[in-house]
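This is the structure, below, for whatever I ask next.
Chain IDs A, B and C follow the sequence of writing; residue 1 opens each chain.
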Amino acid sequence: MSATDLAPVAPLPDRGGPQQPLVIARDLRRHFPIRSGFFGRRTGTVHAVDGVSFEVVKGETLGIVGESGCGKSTTARLLVGLIALDEGDIIFDGDRLGDQLSLRELRRGVQMVFQDSYASLNPRLTIEDSIAFGPKVHGMGEGQARRRARELLASVGLEPARFAGRYPHELSGGQRQRVNIARALAMAPRLVILDEAVSALDKSVEAQVLNLLADLKEERDLTYVFISHDLNVVRYISDRVMVMYLGEVVEIGPAEAVYARKAHPYTAALFAAMPSMDPDARTEEPPLAGDPPNPIDPPTGCRFHTRCRFAEAVCAAVKPALASVPGEARGGEARAEAHVAACHMLVAGSGHSAAGGAA
Amino acid sequence: MLAYLLRRLVYVVPVALGVSLICFMLVHIAPGDPLVAVMPLDATAEQEAEMRAAYGFDKPLPVQFGLWVAKAATGDLGRSIATGRPVAGEVMTAVGNTLVLAAAASLIGFPLGLLFGFVAGYFRDTGVDRAVTALAITGVSVPNYWLGMVLVIVFSVTLGWLPAMGAGPGGSRDWGWDAEHLRYLVLPAVTLAVVPMGIVARTVRALVGDILSQEFVQALYAKGLMHGGVLRHVVRNAAPTALAVMGLQLGYLLGGSILIETVFNWPGTGFLLSNAIFQRDLPLLQGTILVLALFFVAVNLLVDLAQTVIDPRIKRT
Amino acid sequence: MAVITESIVAPVERTQGYWSGVARRFRRDPVAAGCAVLLLLLILAAIFAPYLGLADPYAGSMARRLRRIGTPGFPLGTDELGRDMLARLVYGGRLTLFLGITPVVAAFSIGTVLGLVAGYVGGRTNTVIMRLVDVFFAFPSVLLAIAISGALGAGIVNSLVSLTIVFVPPITRVAESVTASVRSLDYVDAARASGAGAFTIVRVHVLGNVLGPIFVYATSLTSVSMILAAGLSFLGLGVKPPEPEWGLMLNTLRTAIYINPWVAALPGLMIFVTSLCLNLVSDGLRSAMNVRD
């Protein structure tokens, strides 16, 4: 695939057709070395993302939830190529990153909006210059890039004549986040990764930005990966939800199914820890206690067994694979529509007392 | 913490080796043949051959460095060109005298710096604060070799109260602990104390001001604690950093006294260095610098270790 | 939609940039602004010394040695060889200011590049550069300057070289830490995600945000550099006689303190005033640019 035959920074064409997932992440692994001493010897490893596989279907919003440190941000950065993969494949619309697709080409198709709206804008550049930077890098002329920047400002609801020449510190948090969205869209991406993009905003502003995101998605035929610790927001915006724990995927499925069933005990605990406004809606399950274990030396078997109230011997010994959740009406129809979770209790014959006998 | 202390000790080894390498290179960056540079002018051919073999000047540089370090480790820093005496002995006598001067300057500069800094920080944005700040910035800006001259002009030449030169009566080069010798110590020690006093005062002022503006101090007042009680908290929070700064300054005093010693003819390392420079006595220059730099490395290490032990916030693993 | 299209081509409201704000805040600080003016006057006087109608700074006479301050014809007296002190002090500023400021400028350039590379590239490159810097930090600055100068021998070039070597490590350390902290900010990641190369990112996004703090730090070293440069000459390691240079003048006049002490102290006073001004200007810049320590 070459970008040279396209006009500078035009949207990439759909190559694989609607049935081809936009992104296939296969067994992603990223370990961070811990260095110390005078010459920085490697003294340990953080298993930030450890064998994560999922697909992002064209046109959907995939929500990723989990506690801080579970690897959701690392996963996001892997998808944009900000962090190099140790192992695994990223396949973007049928082209594998590395041999069929260059990093530069991937970044044309995937853009990211960060949590800290202030830190993600260069304080010395005007809003306009910040948005125009990406297109210029890809060979767009100065005037054209400026024009695109202003068009985008208008489409995220900031009047260009008033805002283009301003500096980030002259904007409110919500306005800055709109600029960050415009900057991401300046590259005409097909996938936008929103890493806690609305988490730092006031509730009222958050709602406005979420509505803006929904409008932009429709107008520009975008696909979103939406990372948040706020389960309500994820439910509102996502078609499917992926739950991560200590660098692994523990559950993934359609949003309503995951929210209704909470098949993995970790998912259930995460929801139980969520405060509810309705006294009657409070669950009897105990909320999640303690901090996640040290990712330098993660637990054996199921990584959640140290905090799981259903843990049995098998959980510490054998790592459970993702298996379809029994009793789901839509389970197994299409892979992307499947509801799967990694828990021994869901697999008959796994050795867990809560699972059925041999099937 | 023990592991940290051990690692910190191990970390000193490459730094000390690097310091030795720089000192070793001093003779080699000097223009001309290094052998000629470290030999007496009237050396015989025999002596020359002996030196060449001893230092391995015909061998590659890394081998030479190894030989030099091995000799230095056993206390052999070569012989002074000017006097022919072993460098190590000369340096050790001089280091003793420099330490006397540095210690005296610390005893004058540190308490004054602490006092001024504390007062200025506590009464921030008052006249006292501005006066101390002005004094501190004057202290760091003044070329101390000039200040020494001015003090001599005032207290020796004009008033005739104190001696201007040397470490004892009759230009004595030997230090002794008696009233007569102490009189000779006053002017150089005061001169040397000015810069560390300024730096300590600045640091402590900033520290105290920061601590007082923190919320926990407001909480202490809210709890009904009186000024004395609050002060105790401030001192405990400021102490580790203040100690670290003073430790570093003590290290700098060892190197910073060079110019002062020249002004006052104080028979310390600075005097030795200035002689070595004047006579282009490279072995003496090299040996003195090496000893002083290693001393500085050791002081830094001690400061770091002391801080780890004192400051409960630093839990280094 | 028509309104928006119009808005896109309309002239854009410009707000005040960063540097004009700094200049405004600096001007409002009377001490710093006053010192800046005084420094400027000293520098201008040094540059235009030949046109100020001063006496010949090299012409001495044994008949008029060590005249007092206020002697008619010699407003600041004469030195130990009967040369006019006023002329020598003005001319002396040329070498002293040059020897004091040049090493900091050179070290600023070298240290910024080293620090940017170490901070932006990170990894092994960072380890190599920063450990080297650590070794130089094991020397007190006076000691290092005297060691290198002493080995190289006296002379203007050697003095510049040794002082530059003294100031590269501290500037590198500051540049590295500022660069590393900017590099970890999201806007650098956003620039990387847009596919820009390292060089473009450093030029557009990193440099503008690190140069300010590094510059302020470098200005704070200028006063030390001046004192050290004059100190090297004082020790006989910098400028050679009969050149007028404040440190050297202070040294040669040392013998005169019993005869005419206040004339002997004048060159040092010049060093002191200049270094005080440099420190106060640097402090003023620091607060005008909102640089935290």
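The rule we apply is simple: contacts are C-beta pairs under 8 Å (C-beta built on N, C-alpha and C of every residue); 3 or more make two chains touch, one makes a residue touch a chain.
Model, not experiment: these values are computed from the prediction.
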Farthest chain relative to chain C (centres taken as mean CA coordinates)
A
Distance-to-centre winner among chains (Cα means, whole assembly as reference)
C
Whole-Å distance, C-alpha centre of chain B to that of chain C, is 24
Averaged over CA atoms, how far is the centre of chain A from the centre of chain C? Could you give it in whole Å?
49
Inter-centroid spacing, chain B versus chain A (mean Cα positions, whole Å):
55
Scan chain A for residues touching two or more other chains and write them down.
38
Residues of chain C that contact two or more other chains, please.
131
If you look at chain B, which of its residues touch at least two other chains?
14
The answer for chain C against chain B in the complex is residues 131-132, 134-136, 138-143, 146-148, 150-153, 223, 227, 230-231, 234-237, 250, 254, 257-258, 261-262, 264-265, 267-269, 271-272, 275-276, 278-280, 283, 293
List the residues on chain A that touch chain C in their complex, please.
38-40, 77, 80-82, 103-104, 107-108, 110-112, 114-116, 119-125, 128, 130, 133-134, 137-138, 147, 150-151, 154, 159-162, 164-167, 170, 180, 183-184, 186-187
Residue positions on chain C within touch of chain A in the complex are 4, 7-8, 10-15, 17-18, 124, 127, 131, 185-187, 189-196, 200, 204-205, 208-209
Mind pulling up the chain B residues that touch chain C in the complex?
14-16, 18-19, 21-23, 26-27, 29-31, 137-138, 140-143, 145-147, 149-150, 152-153, 157-158, 206, 251-252, 254-256, 258-259, 262-263, 273-274, 276-278, 280, 282, 285-286, 289, 292-293, 296-297, 300
